[in-house]
Amino acid sequence: MGNITLKNVHKAFGATVIIPDIDLDIADGEFVVFVGPSGCGKSTLLRLIAGLEDTTSGTILIDGREVTDEAPAKRGLAMVFQSYALYPHMSVYNNIAFPLKMAKVDKDTIDRKVRSAATTLNLTNYLERRPGQLSGGQRQRVAIGRAIVRQPKAFLFDEPLSNLDAALRGTMRLEISELHQQLATTMIYVTHDQVEAMTMADKIVVLNAGNIEQVGSPLELYRSPRNLFVAGFIGSPRMNLITGAEAAKHGAQTIGVRPEHLKLSTASGTWKGTVGVAEHLGSDTFLHIQVDGIGQVTARADGEFAVDHGDQVWLTPEPGKIHRFNEAGEAI
Amino acid sequence: ETITIATVNNGDMIRMQRLAEDFTAKHPDIQLQWVTLEENVLRERVTTDIAAGGGQYDVMTIGNYEVPIWAKQGWLLELDGLGDDYDVDDLLPAIRGGLTVDGKLYAAPFYGESAMIMYRTDLFEAAGLEMPASPTWEFIGEAARKIKADNPDVNGICLRGKAGWGENMAFITALANSYGGRWFDENWQPQFDQPEWKEAFQFYIDLMNDAGPAGASSNGFNENLTLFQQGKCGMWMDATVAASFVSNPEDSQVADKVDFAIFPSKEGVDNHGHWLWSWNLAVPASSGKAEAAQTFISWATDKAYTEMVAEKEGWANVPPGTRTSLYENAAYKEAAPFAEPTLEAMNAADITKPSVKPVPYTGGQFVAIPEFQGLGTTVGQLFAAALAGQSSVDDALAQAQNIATREMTRAGYIK
Amino acid sequence: MATRQTRTLARFMMAPAVVLLLIWMIVPLSMTIWYSFQNYNLLNPMTRGFAGWSNYVYFYTDPAFYQAIGNTLMLVGGVLFITVVGGILLALLLDQPIFGQGIVRILVISPFFVMPPVAALVWKNMIMHPGYGVFADISRFFGLQPVDWFAQYPLFSIIIIVAWQWLPFATLILLTALQSLDEEQKEAAEMDGANFLNRFWYLTLPHLARAITVVILIQTIFLLAVYAEILVTTNGGPGYASTNLAFLIYRTALLSYDVGGASAGGVIAVILANIVAIFLMRAVGRNLDR
Amino acid sequence: MARRVSTRHKVIATFAAWLVAFVIFFPILYMVITSLKTEPEAIAGINLIPSFTLESYVAVQQQNDYFKPFMNSVVIALGSTLVALIIAIPAAWSMAFSPTKRTKDILMWMLSTKMMPAVGVLVPLFIIFRDTGLLDTRIGLTMILTLINLPIVVWMLYTYFREIPGEILEAARMDGASLSGEIIYVLTPMAVPGIASTMLLNIILAWNEAFWTLRLAAANAAPLTAFIASFSSPQGLFWAKLSAASTLAIAPILIMGWFSQRQLVRGLTFGAVK
Amino acid sequence: MGNITLKNVHKAFGATVIIPDIDLDIADGEFVVFVGPSGCGKSTLLRLIAGLEDTTSGTILIDGREVTDEAPAKRGLAMVFQSYALYPHMSVYNNIAFPLKMAKVDKDTIDRKVRSAATTLNLTNYLERRPGQLSGGQRQRVAIGRAIVRQPKAFLFDEPLSNLDAALRGTMRLEISELHQQLATTMIYVTHDQVEAMTMADKIVVLNAGNIEQVGSPLELYRSPRNLFVAGFIGSPRMNLITGAEAAKHGAQTIGVRPEHLKLSTASGTWKGTVGVAEHLGSDTFLHIQVDGIGQVTARADGEFAVDHGDQVWLTPEPGKIHRFNEAGEAI
């Protein structure tokens, strides 16, 4: 079981309010991702749940039991840190065994559990090594191994992949997703990587300055962002946000169109523009287009779309893919 | 011209430093630079310097232990430029003898001392004791124990216990001398295995254990002085200079209750220890400013200096023990009740014949050979260990015998 | 970083330090070795001459020799033990949030600034003196017989004094090391259910290993050479109870002025110090890389 | 961990820390207090409130001028530290940034030269000094202290330099800096905390060095260690005067230590222990 | 001018050969990107050119002049390091001025040049700050500023953006590209970021274990990789490499199809498979499909393509987009 509920949680460091007031409900077995700009309080929120910080007010329930004032170790959660926080002087085996040792589990059980975790994580050959002798991905796995041996009610991950290189990040992402499917334990995951958030989450929580802007499944957020902040934050490249006359035409203060929802043509279309930089990725081409009367707009074309700096192109937003926002920035 | 003077940091020397304005006033062409050091550090540095020819000092303060040794090595300049007014014949013969080698004077005494008993008249009276004219160790032992028994917070006797050839060994050597013991026989064989030493040393240990202060093994001259001044000692046997300190009411709580007596002897042995010490000023051969140095020495050890001190600081504070004329001076005798016993003690000391048995060395409470510093200190450590209860009297003596034999063999005395 | 050019330059830049230290080592050392085979007593310049091994035999057969080695080890070991254990405890204490942290830290590190003779004098006369010392006053207050520290426990007393001087150094190094412990590691351990003692044992102590190594290394270098404290307090006694190797050589050199014997002692001490050094580097040097 | 620290915990920790600090500091405190007492007061048992007389200081100054040895100490300590730094910085640079297989050994060898018992080489050195006219000169003492402290300086700087990313020096090289430019404009200023801390430590060590300073200088160059040696056991009551002299001898370095404590610690945190 | 030529350059550290033997010609004004797996020698090659390492053998020419044994400062190149390598104790102004100072340029000229560089890089307001007070992107710009003031013959960049976060990386990428257009100076750029390599390079050099695998324009490499290594390395997600019977059908040992060149259909197609993990990015969906008789294949679908774990789908490789490789792994 791993049902986590936050009620009116408020956190301030001295006079600085970091989290004004949050309510959140995380169901058992869910994979929840916290995203938000740097400094918005993601880590703080995670640490409140872990018990590494005290709430200023409000209550935290785990499986219905109030744990607000309980020590981290008592909450039955496991955390994977951004820096991995492995114990540098212990072997991989001992790192993974550590929480069990602390729980005074007997030797044989420890051994069995550590080996089974190592098997799950493909670490069997490295059990005798020190963390310093492992690659980034392996270290990450050890950190996860240390978390899973305890069979916690929930896992907390704080940007666990941000120290890895792109390729490894992709692999580890899949591994964690698989782990989640295998264990079906609640996971709370902090990241600011778009791809991670979109691909891993059952539910994304978008935070902004300590407030929850929107909660929903990745596609929900992608398709119907509740406000400008979420619209701008979710999706890569960013949604084109257009104000002024063009927006007014749609009866909105601002309209948004994602680059992938703009049809490109060298012949005709709704908006006419001039190609600025064209980024050829092979599979796709991102065009930065100066659209007359609107400004800079990014559009995605396929890899073979042959245009050059200075060419004239026409853009047509896909119907039904235009997001409209009012003065307060909320979706209409 | 600047001359560098190395002095020991005792009261008389510091006073001399203070009064040196008088000298610079008289000799404006000579500047003085002082290096004042604690006795052991001073000796160590001065010795290194003179032996290695460092030439850092022009005037050195050295003991009568060093003078003959160094003079023989040719390290000291003969003092032949002290001036016509300098009355060499006025120097106490015992002192002068110790500073003269082959008829030449190599150092001028600044002050001299022997040893004597200082005791508390009030405590003696209360205990019904009377100090004999020539006390014996047996009497001293009894008296100390009696005083201790009568007065719980007073120690019957305070004696040196701190290790060092100039500390506990000075006293113990004098004690052994008075017991008829000696350091070496005519063949330089150490004598710690002889009954005189055993008897003397056993007496010392027993006495200190029964009637001495706690922690006696770290007590040297200074510590005992302080104890005595505070009224914590019934008796104290030490250098005669102490007399002026204990009878000075400013520092001493018992100034009016002290009297003095000659250093004890063992019954049947006519020997009062032969303790004789002087601090002297000498000019090292390596000095390039011998003339100025002698001028200074002459100023510092002359009769005129004594008179100047008397005038400025009172007769009780003049450096004692160097000149006969001082002890003939009525004003001094008046101001210094200890003058008489001091002179008596000094004259009684014969450093050429410290023991009743023949010896191949000179020196009273020390042995005037270069090796004595090291050997004496090591033996002093062994004796201090016995005093501290860390070893037995027999062990200490046996080890002393052993180490002395070893050192004397190494130095080539024992063939 | 490493082109031929810079490598050559690097050798060149290292030269002054290396050459100076080589001279500083070789000149006196070779003179010492030379003298160690000479009969040379400063006070007896007449008896110069070749001595063979006699100086070594003399030094080695000194009744104090073995005790001096034992005392040296005791002194180094004792001080290291006190300063490392005390330093860790102090560092843990000072790492806590406390009022007036700055002042406390200043007070704690102060003994490090005190020159050894002063430290010894103050302890000897004002703290441990059996008559006037503070300890004696305290004993008397409780109706006990004051302890004569330097007579009864000479080596221990010296260890206390030296440890007092070096405790701040150890504390300082260990405290800074402690503060460099990764916060996340501590939190991870906390999440893993480790209590304070567990965290100390499994996390803090291993983290401090390198700092402890530094403390041991540097202090050993200085502690092997301790002599001023002994000179001022016990003069190596009573007996040989507080004579260490450095003091034994000192005694030979500056009390007996036996240059030959002292040189032989110096050579022996250099050899022993190097044995200690090699042992130390082997046992502990590994910790320094990382 | 910005967790709630219970005030009770803080109070207990504060109490314990202050108690320990007081005990550790006590000998120094007591020394200062005693220096403000009269002599009889000084031996009259524990008494933390002196009569605040300065007579001991006056007596000490009268007996032995304080300022000359003080200046000698300053010159020798600072001088030897600076010279050592000038020699050690290039050496540490080359060890840290152009290491060879030997580097560690050389470093350890340097440290081991410090283990040589000083008395063993006193006489040879004394003779060298005598013959070169360095006896009792500030230059001579500065040289000796430089050599004595050089290994520690090299070692400390080496540990600091190793923390500095080599890329920055390479950047300087690409920017056209010569080797000396690299060291003077980039390395040294970057290592300022470490160098400061090394400097402080070495000033302290040099200030407190009491073997060579006491034996190779008599008067002209004698520093405060010699000053204190003239008070260590004179006749009569001397506790207060001894305390006053001791206080004078350690006060400058103690005060410097207090004020630069932060630098000392800051330097230590990056380098030696990390 | 900034024409760089490497002839038979060989580099070994002790006995380990890092670069066996390389010939390379970089034309003046070109933007050359070195890519390759970690540890393949990219940095080493760059440092050889810079003069920070010695060649073991071979010669390096800059503008026809041999510089093999010349000190770095003499070569007239500028380098931007991964860690920026700013001088922390100098203000931004002094950082940028440093190379000029070293070249003993007079004060006024320095001032003019620094200010002009600062203007180019939008740093005018930060000239008095220390590097520690700057954001990552600003620091990066200072590093570039330091490089450009000297008007070097060529710029060398060693993974200059890898320490920045994704958004900033995008911006800085554009800035460097623009700078290149503006200055038209030779640039050599090391990265392992696909997007950077593809979008910035005039010419990509693919390195593998110290050997040059292929040199060419980004689209050249994307369209016609010369061998399996390049095929697998260029393009994201990776090209699907298929061996066995299916490859034999095309007369090759291995065939390769990029995920974006696989048409998906729920109805019909060439290959039939079962959907494994589906990664929904919103804009795209990456499907990991278990294809019968072939194995795991990744395909790209658009964001709205609605399939789920376990669904049946058909895949059709676009004609003409199939790459064929022989036994030696070379393209046929």
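Per-chain residue numbering starts at 1, and chain names A, B, C, D and E are given in the order in which the chains are listed.
Convention: a residue touches a chain if its C-beta (ideal position, glycine included) is under 8 Å from a C-beta of that chain, and two chains touch if they have at least 3 such contacts.
Just so we're clear, the structure is a prediction, and the values are computed from it rather than from any experiment.
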Contact distance in steps, from subunit B to subunit E: 2
Larger contact count among B-D and D-E belongs to B-D
State the chain with the largest centre-to-centre distance from subunit A, centres being mean CA positions. B
Distance between chain centroids, defined by C-alpha means - subunit B, subunit C (Å): 37
Could you please state the distance in Å, as a whole number, between where the Cα atoms of subunit C are centred and where those of subunit E are centred? 56
Chain centre separation (subunit A, subunit E; CA means) in Å: 26
Multi-chain contacts only, two chains or more: what residues does subunit A have there? 52
Listing for subunit B: what residues touch at least two other chains? 44, 48, 52
Multi-chain contacts in subunit C: which residues touch at least two other chains? 1-2, 42, 131, 187, 254
Mind listing the subunit B positions that touch subunit D in their complex? 4, 6, 9-11, 14, 17-18, 33-39, 41, 44-45, 48-49, 52-57, 220-222, 225-226, 229-230, 241, 245, 251
Residue numbers of subunit C touching subunit A in their complex, please. 182, 184-185, 187-195, 198, 202-203, 206-207, 209
The subunit D residues in contact with subunit C across the complex are 1, 5, 9-10, 13-14, 16-18, 20-22, 24-28, 30-31, 34, 42-43, 45-46, 87-88, 90-91, 93-95, 97-98, 104, 106, 108, 110-125, 128, 147, 150-152, 154, 166, 169-170, 179, 204, 207-208, 210-211, 224-225, 228-229, 232, 239, 242-243, 246, 249-250, 253-254, 256-258, 261, 264-265, 268-269, 272-274
The residues of subunit D that touch subunit E in their complex are 165, 167-168, 170-178, 181, 185-186, 189-190, 192
Considering only the defined contacts, which subunit C positions touch subunit B in the complex? 41-45, 47, 54, 58, 61, 63, 129-131, 145-146, 148, 150-152, 235-241, 251-252, 254-258, 261
